[in-house]
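For reference, the structure discussed in these notes is given below.
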Amino acid sequence: METSSKTARQLFQELKDRNYGGRQLGFGARPALLNIDLQNCYTRAGEFSSAYETDPAQLEQTNRLAAAFRARGLPVVWTYIAYSHPGRDTGVWSVKVTSLLETATGSRRAALDERLHIDLAQDFIVQKRMASAFHETHVGSLLAHHKVDTVVVTGGSTSGCVRATVVDAVSRGLRPIVAEECVADRHESPHFGSLYDMAQKYADVLPVREVLASIGRYPVL
Amino acid sequence: METSSKTARQLFQELKDRNYGGRQLGFGARPALLNIDLQNCYTRAGEFSSAYETDPAQLEQTNRLAAAFRARGLPVVWTYIAYSHPGRDTGVWSVKVTSLLETATGSRRAALDERLHIDLAQDFIVQKRMASAFHETHVGSLLAHHKVDTVVVTGGSTSGCVRATVVDAVSRGLRPIVAEECVADRHESPHFGSLYDMAQKYADVLPVREVLASIGRYPVL
Amino acid sequence: METSSKTARQLFQELKDRNYGGRQLGFGARPALLNIDLQNCYTRAGEFSSAYETDPAQLEQTNRLAAAFRARGLPVVWTYIAYSHPGRDTGVWSVKVTSLLETATGSRRAALDERLHIDLAQDFIVQKRMASAFHETHVGSLLAHHKVDTVVVTGGSTSGCVRATVVDAVSRGLRPIVAEECVADRHESPHFGSLYDMAQKYADVLPVREVLASIGRYPVL
Amino acid sequence: METSSKTARQLFQELKDRNYGGRQLGFGARPALLNIDLQNCYTRAGEFSSAYETDPAQLEQTNRLAAAFRARGLPVVWTYIAYSHPGRDTGVWSVKVTSLLETATGSRRAALDERLHIDLAQDFIVQKRMASAFHETHVGSLLAHHKVDTVVVTGGSTSGCVRATVVDAVSRGLRPIVAEECVADRHESPHFGSLYDMAQKYADVLPVREVLASIGRYPVL
């Protein structure tokens, strides 16, 4: 095992400076935007202790991505975590992550942040209970039905639900792309550590500017 | 987001010193041992560039665990990665992880390390193709049929297949326990970063000594 | 292929008279009750053309089962089908089954029949979109977390969602038991044909009386 | 429930005569051929009591389909059932279907019928353990990676593994098409009963001639 005195942030920066080793997946025939758990209990840093902020422009940038996808008829999905019977339908996960016990269906904690521009007529809103957006949800068949082969992922946490979603996406034959300024975490070490791991193993990590440029090449409806 | 100049190793050590915040899952009614990808291309550091070594006693300790599980009739599972048609059944994953293209079914790269003590009559050997041991394999129904509610995980890489397996395990209602000296990675930052994340979010991280003590409390056959 | 001039009803009756060949799964350590799609559009035969009635006592018998399970702390699950964006999240399935296009989330078609005695504090209510209750829902992890190894299945249709659920249950390592008077279908041939197939291949088919007798052997809370 | 004195064969014939009600899925952008369990224990009627024959030309017709798919670069998949530890990795299913206990990996029972023309360099061979070809196998990600949206299904049994595969296919957003002369079952009632149910609910049932005509419209490589 290679040893190192560098932080996760430094290692990610070095990987980025080497252009991620050059092995990029690229965009496929039809991307979707998959926004993970941008709900109050994770986005309202002043209000909930479970919330965090990485890039202050995260929600604004996510709105920009969503508008670009929507304009081209590309699917936009928003997931959120909520439980009907906290403690009884949270599995053992809530032993580790106790804040899940407070995230009841219909609560303010579970509600998507109002600063997001969500088109209720077009976008898909999906309840999830575990880390990956694919786990025991209809995201898989939804993307298959819409012939999606690429997922641009935003939201949080980088080291939690975003990463679990990215691993599941690539395992199911989809190309995951992480919109760098749109993912957030509580602490910089898991944040940059997961960006590093995802860029190495599973996903392209791209600045929003580059994602928008790529989406701009799909035909407007 | 909390900033820090600490390395992933330091952060994991601090978390460990605080006894992981005290939120442990514990062992359930029936554990299984799930050994991830202890195959030559990951364990023979002198022979394959894709291999790595973290704790030199990893395989020996894993053998010790396997013997303890077997003596109590608790299931022992060994997974390995292999492809019949590298490039055609590897999905997009092999764009990122090019060594997968060389890991053909029946090859020396795919074979489990001969230093492992595998009981072919009792243990289950499972081919997998993606990161998680649960993804598109029969590990899920196998563990359900054997009434397993706890999985002790070994193997590698810590930040790749071990972590993906742990996330899937907790998502499916199982208690994951990582045997610390038995997991390995290429670089210390993803190794300790993933131990930190797993201990925080998904799993108990325990020294082999403690795993053996807990397994010792299940009745010998 | 064996030819025959018998109807599905006759063949099922013959199989039953031979005690299903004697190969019964039996009850395991912990059963759950899984009630499939007992929602107005399938139960209100006078109101919806998609509805059907087989045994007039179906709902009453199902209530009796639910009470028996609840009294013993055994999980009771009620599923229903509903879509947020009919036509866009129904997949290709709605091309075949056009009534799905009318089954919107929150509609009377989607609501569970009010004649059912549902304990909102204890029972689990699960939205599904496809035939099997396990497909892209959290029924799998829910049952795992509650250590369920046996599922008693009621609801409809026998040849559709009940059968798909039973096939998935046995495939995941659970013992499916069909409560005979509590499953219903539109036409007798698929109804009895699926009872025959399930009894042969996947499940025990038992009268409610026998299910109640077996549940009676689990300790009351 | 509609009552009837007609056999499953008669009801299927009537449905066919009404052109299946006219609600056909049709072929999508890219079909794959999915051949279910055409292994000796199900195809060698003279040799194994678990085998059955419906149309004597089944294998020949299946070879014809496979050649047409292959000529156009469309994926061809052959599944088979086998167990490494019969009784220990067969779940509860083998209590119902005892012949599974004899179907060991590497046995003649598990081997694909030699009369099949399989192109080992091009075709995918997939081991399965449960009824559906998608259940705990990599068929899902394989089809996703090859951008398949339509599956033509052959093999057996019609009421067992073919039907379970068809239900899973449509549930995952794929269009299932059953090649009528290429599916077989032990007894005519479950055979025609499942053709009837699949045609009504989940799949197009087409004669091989029509499947070949449709495949003929995809470009030859």
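Each chain carries a letter (A, B, C and D) given by its place in the written order, and its residues are counted from 1.
Keep in mind that, in the parts below, contacts are C-beta pairs under 8 Å (C-beta built on N, C-alpha and C of every residue); 3 or more make two chains touch, one makes a residue touch a chain.
Computed from a prediction, not measured in an experiment: that's the story for all the values here.
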Could you tell me which pair, A-C or C-D, is linked by more C-beta pairs in contact?
C-D
Given the pairs A-C, A-B or A-D, which one repeats the contacts seen at B-D for over half of the pairs?
A-C
When the Cα trace of subunit A is superposed on that of subunit B, what is the rotation angle, expressed as a multiple of 5 degrees?
180
For subunit C paired with subunit D, centre-to-centre distance based on mean C-alpha positions, whole Å:
25
How far is the middle of subunit A from the middle of subunit C, if each middle is the mean of its Cα atoms, in Å?
35
Tell me, which residues of subunit A touch at least two other chains?
91-92, 130, 136, 140-142, 144-145, 171, 173-174
Taking the complex as given, what residues does subunit B use to touch subunit D?
84-85, 88-89, 91-92, 124-125, 129-130, 136-138, 140-142, 144-145
Touching residues on subunit C, where the partner in the complex is subunit B:
29, 140-145, 147, 149, 171-174
The subunit C residues in contact with subunit D across the complex are 1-8, 11, 23-25, 52-54, 91-93, 95-98, 130-132, 135-136, 159-160, 164, 167-168, 170-171, 173-175, 184-191, 193-194, 196-197, 200-203
